[in-house]
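Structures follow.
Here subunit A shows up in two complexes: once beside subunit B, once beside subunit C.
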Partner chain A sequence: MKAIRELIAECSTQAFDLHFTRAKEWKAEKEGRVVVGYMPIYFPREIIHAAGALPVGIFGGGDRKQVIKGDAYYQSYICRIPRSIMELVLDKHTAHFDGYIFPSICDVIRNLSGIFKQQKIGKFVKYMDFPQNFLPEIGGVYYQQEMAHVLKYIKDLNGVEVTTDALNHSIGLYNKNRELIELIYHIRQEFPWRLSIEDVYHVIRAGTVIPVEEHNDILKQVCAHIQQDIGKPQDKIKVVISGAFCEQPSIGLIRAIEEAGCYVVDDDYMLGSRMIMGPVDPDTDNPLEAIASAYIRQSQYSSSIYDVHDPKELRLAKIVKDRGADGVIFASASFCDPSLLDAPIFQNAFDRMGIRYMAFQFSENINQFKVIKEQVGAFSDSIKLWDEEPIVI
Partner chain B sequence: MPQEAQKEKSMILQKEMINGLFDELEKAKETGKKVCYTFVPGNLSELIRTFDMLPVYPEINALQSAMRKKSGAYIKEAEKNAHSEDVCTYVKCDVGMMLKGNIGPTGQKIPEPDILLLSYTGCFTFMKWFETLKREYPNAEVIMLHTPYQENGEIRPEMTEYMVKQLREEAIPKMEKISGVKFDEEKLKKHLKLAKEAQDWITKIFETTKHRPSPIDAYFAGVYYIGPINIGFRGTQEAVDYYKELYSEIQERIDLGLGPITPEGEMKEEKYRLVVEGPPNWTSFREFWKIFYDMGAVIVASSYTKVGGVYDMGWRHDPERPLESLAEYCMNCYTNLNIPQRIDLLSKCIQDYHADGYVTNSIKSCNSFSAGQLGMMREIEDRLEIPVGFIESDLVDPRYFSYSNIKNRLESFFQMLEQRKIITATEEVV
Partner chain C sequence: MNDKMIYTMGIDMGGSYAKGVLLHYDPTGGIHQVLDKRTEKIRKRNPKDVALEMIGRLLEENKLEEKDIAYLASTGEGEMVEQKTGHFYSMTAHSRGGIFLAPEARTVVDMGGLYVRAIKVDHRGKVMDYKMTGQCASGSGQFIENISRYLGLAVEEVGEMSLKADCPEVPSGICAVLAETDVINLVSKGLSTPNIVKGINISIANRVIKLLGSLKAESPIVLVGGMGMNVGMIQAIRELAEESGSKDYSFLSHPDAIYSGALGAAVWGGFRYFKLKEKQFVFVA
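Showing the complex of A and B:
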């Protein structure tokens, strides 16, 4: 077993490798291999894996890529991630990618798929329309058809006809992946000092750019480390972060929140890797149906899923309660409609429920966050000073 | 309305239709008619009428509030209530209006919804909007009709099947339950037949801009022309009569060789013919229009007039395939087309209507339209070698309409057009 710092160092290199070197190496290992990039939030990576391809998450350039060309595509009042993705692509960081998948999360990502099509970037571009109808026989069937469409694109490139066995095997691997990630959160809920949120972030994000087998191996080791009594507790409140599911805050900002006095016991930074709660059935005759069914029945709440049958404010309140958190920090990317339009829904409900919260906006490239840090510090102090009040859900 | 001064018969008809609808809405409680809130893109007017329900279009209320200079206050009200400065201002205007008593554009109170029919077409914000409304109207029945995006520039059979299943198994049973009216397919077919007729007429109307001078402005006046077909009258005889009348009035202008009517009377000289992408600004609609007609610029086609349906490529409702046809209609609305399709459509307009230039009015708070517009503009410029102009404003937030900025940019654009005309004329002589 490697030392925890060594594992974290490896993960942080992978997580922010904007040249996607591991994918390049993987592709070079064998002729005909296919690499498929996917944008936030969620995509069922199992199916790409089962088709013998490598799914690779593209989360923008963050504060590590200067955007010049990408700005020519987007007005100042549009969030930053599409322009930094354009920059990465135009600068050939993803030249070894064969196809791109754009999950249906918002109009910006949707229209970015059109720009990719227009510019003929990649061998295929698929906007993946996740169902907003949650009946298995309607939305579930449509979702399976969408997945089949993706598989056809991959088959056209590598000739692989996906089998039930291959899909079930891949489902098993990703089940393990999510199970181990949840174990980290589970341990941290009680012992958040054992692994900082910055480290958690590195570990999970690394998993979006390397093969799942390698990631599972890392996760197992990380879990073994944090099951030990390591680190020292500090006087910090516990918070849940919500709203940063697509454009990512810089690692400095992620770190600053904890430094300012808040243990982050849950978050949606890498929501896609945790979207499905619990295992997908790995042993059926129709694995695509199993994946669709898990999406319909076991998805985490998300700004991109119509929530009227299962209101998101109640779901977030439950996370707060289950994690024993003291409050919520709403972190929205500037100009992110899905996140910002959800804010009043959450905040009005939390005012009624007595859940404390604060909110700020960020851009992926800001690395000056003195003001945010002060606000978070003040939020933490105010909670420490408040009397305990029960949370009403 | 700008053309009111001209007292055209079509204007009177339109006013009567809209006032009639708001009167009916005001009396909905007494008459027992059920109220269905829904959106313009992907609006299922014919289906709503089949169940004798009354439609309310929150976007229309928002834009009407802006034209009546009320949107600024509504938006501030929403922002006081945790709404961000940076999101779609239609939503905030609507929320603000609701918080201030839900008094509609005609001064009459708009009843609460019995149904929130989210025909989720071409814009992600619609979903957020109705999630917000559902919290305000917890007793309203929600119908989510997911319209797949034409991501690959096509409607695949499974997309239509998906929508038809939603209509058959979710939307229609819920509408039956709430309205108390049994679904009558024959009635729907009758409405679809009338819808098709209205679509034929409106297509002919927008095609009249092929004439020189163009008898109408397809953007600034076009937004009035699309009113009846977009706000619940598609599928009625009234709409057909309105469009017939409008067409004959326009035909008369063509026969007389007249240009478009503007708020200051008839436009005398047509100097530039333009195609516009993006919705207009509503808070300073007249000032905005004036910049164009003062320069002798007429809009011969616009994408905005296609948000409630793209009819000029030949698509029509088909009474023989009622549910499939409703599904296809939704999928064919402008913002449900992918970016290459939007480029192709606009390029075709530029060519078919012999436009001299292309202008994008980029709306600050509308990602559905705006994200990708710069790339579209560049592609159109390269493909057609045509002068392009780019301005920025907002729909209903008066804070984001900068008259001098827009005017300056447009003046440079018109100079470019003038230059181009001189060069083309010289080349022709040579």
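Showing the complex of A and C:
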């Protein structure tokens, strides 16, 4: 077993490799291999894996890629992630990708898929709509058709006809992946000092750009390490981060929140890797139906899901309670409509429920954290010192 | 460890100096006793090493070990203090430190190396409101340090030197770069050093008075942080308050003003120690 720092260093390198080197190596290992890029938030990677291809997450250039050409495609009032994705693509960082999938998040990402089509980037571009109707016979069937459409694109490239056994095998691997990630969060809920949220982020993000088998091996080792009594506890409040599910904060900002006096015990940074709660049935005659059913019945709350029968504010409140968190930090990317439109709904509900929160906005390239750190520090102190006083709204 | 009186330590990692305080914390509401205090210029050293050394010295000179400290609290650049039990945001720490030094104060003005912040507080040191200077360095202690270096003075001499001024000239109060150019011009014009440093103190004092006005500050006002030790600055603030018609302001100073952040952190550390202990008790029960 590798040392924990060695594992984290490897994950850190993979997570922020904007040239997607591991995917390039994987593709070169065998002729005819297909690499498929997908954008946030969630995409059922199992189906790509079952088709013999490699799903690779594209989460923008962050603070590691200067955007010049990408700015020409978007107005100033649009968030930053589509610009930096365009910059990556135009600078040939994804030249070894065969196709791109744009899961339904917002109009900006939909339009990005349009630009990819117009510019003939990749061998296929799929804008993937997710069901907003949660009846299995309507939304579930629709979702299966969408997944079948993706599989057809891949078959056209590598000739692989996906079998039930292959799908069930892939479902099993991703079930294990989610189970191990959840174990990390479960351990951190009680012992957050054993692995910083910065390290957790590196570990989980690395999993979006390397084969799942390799990631599961890393996760097993990380879990083994943090099951030991390592690190030194500090007096910090516990918080849940909400709103940063698409455009990602820079690693400096992720670190700054914990440095300012918080332990982040839950977050939605890499929501797609944790979207399905619990296992997908790995042993059915219709695996696509099993994946669709899991999406309908076991999805994490998300700003891209409009389930009026299961209000997201109650779901976030439940996470806060279950994790024993002291409060919530709403971290929204600037101009992120889904996140910023949801924030008042959460905040109004939390005012009624007496859940403490604070909010700030960021963009992926922000590298001055002083103001945010001060806000978070003040929030942390207000809970540490004055938690018995009523909240003044 | 005797729970009636415990040791806490506060380390304030500022922009120019590290400050450390060893406190005998009294949870009964009595008076916390300062056992020892230290300041250390960071200069070009690794701040983590400075913090480590300071903690070591405070422990060694008081014949204590790290395990004897119930709560080691950091403030300022807290990530530089790796042994800390917890961290307090600098405004929270300075507010409590200000009340520790001057319990009757209802406004604390933290005049540090990087900015000036006026904070309205209640009797417990809880922050009620605040205003602070913008990003410009010309309203900060770092600016005074730079100027004193140009003038060949030790920063500790600036205050006394300022008191000797008879005809001060105020440089640009807007930009540190322009103000520094102004100072060079004042030197070449032959203005005396006391008049130059008094002018600089007035320039910063002017910002403090404006901050207090926009905050609707309540008196007494205690001046803390590194610049709170500068007697010339304190005099300039008092004079300017009088000239500007803010005669209701009463200002307090304290010889330990530079330790306000470290003191506040140490006091809050003691508070948290007992609060956590109580919670654990409830949990176990």
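Throughout what follows, the second predicted complex is superposed on the first by the 386 of 393 C-alpha atoms of A that agree within 3 Å, B and C clash if a C-alpha of one lies under 4 Å from a C-alpha of the other, contacts with A are read in each partner's own complex, and residues count from 1 in each chain.
Keep in mind that, in the parts below, a residue touches a chain if its C-beta (ideal position, glycine included) is under 8 Å from a C-beta of that chain, and two chains touch if they have at least 3 such contacts.
Computed from a prediction, not measured in an experiment: that's the story for all the values here.
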Considering only touches as defined above, state whether A:Leu385 meets subunit B (first), subunit C (second), both or neither.
-> second
Could you tell me if A:Gly261 is touching subunit B, subunit C, both of them or neither one (first, second, both, neither)?
-> second
Classify the contacts of A:Glu374 with the two partner chains as first (subunit B alone), second (subunit C alone), both, or neither.
-> second
Considering only touches as defined above, state whether A:Gly139 meets subunit B (first), subunit C (second), both or neither.
-> first
May I ask you to decide whether A:Ile78 touches subunit B, subunit C, both, or neither, giving the answer as first, second, both or neither?
-> first
Once the shared chain is lined up, is A:Glu10 touching subunit B (first), subunit C (second), both, or neither of them?
-> neither
Considering only touches as defined above, state whether A:Glu289 meets subunit B (first), subunit C (second), both or neither.
-> neither
Residue ranges of subunit C touching subunit A (in the complex, touch as defined) = 71, 78-79, 84-92, 126-127, 268, 271-272, 276
Provide the residue numbers of subunit A that touch subunit B in the complex, in ascending order.
-> 72-75, 77-78, 82, 104-108, 110-115, 117-119, 126-127, 129, 131-133, 135, 137-139, 141-142, 145, 303-304, 306-308, 332, 334-335, 337-338, 340-345, 347-349, 361
Which residues of subunit B touch subunit A in their complex?
-> 81-84, 86-88, 91, 118, 120, 123-125, 127-132, 134-135, 142, 144, 146, 148-149, 151-153, 158, 162, 165-166, 169-170, 338-340, 342-343, 362, 364-365, 367-368, 370-376, 379, 392
In their shared complex, subunit C is touched by residues of subunit A numbered 234-236, 259-261, 374, 377-378, 380-381, 384-386
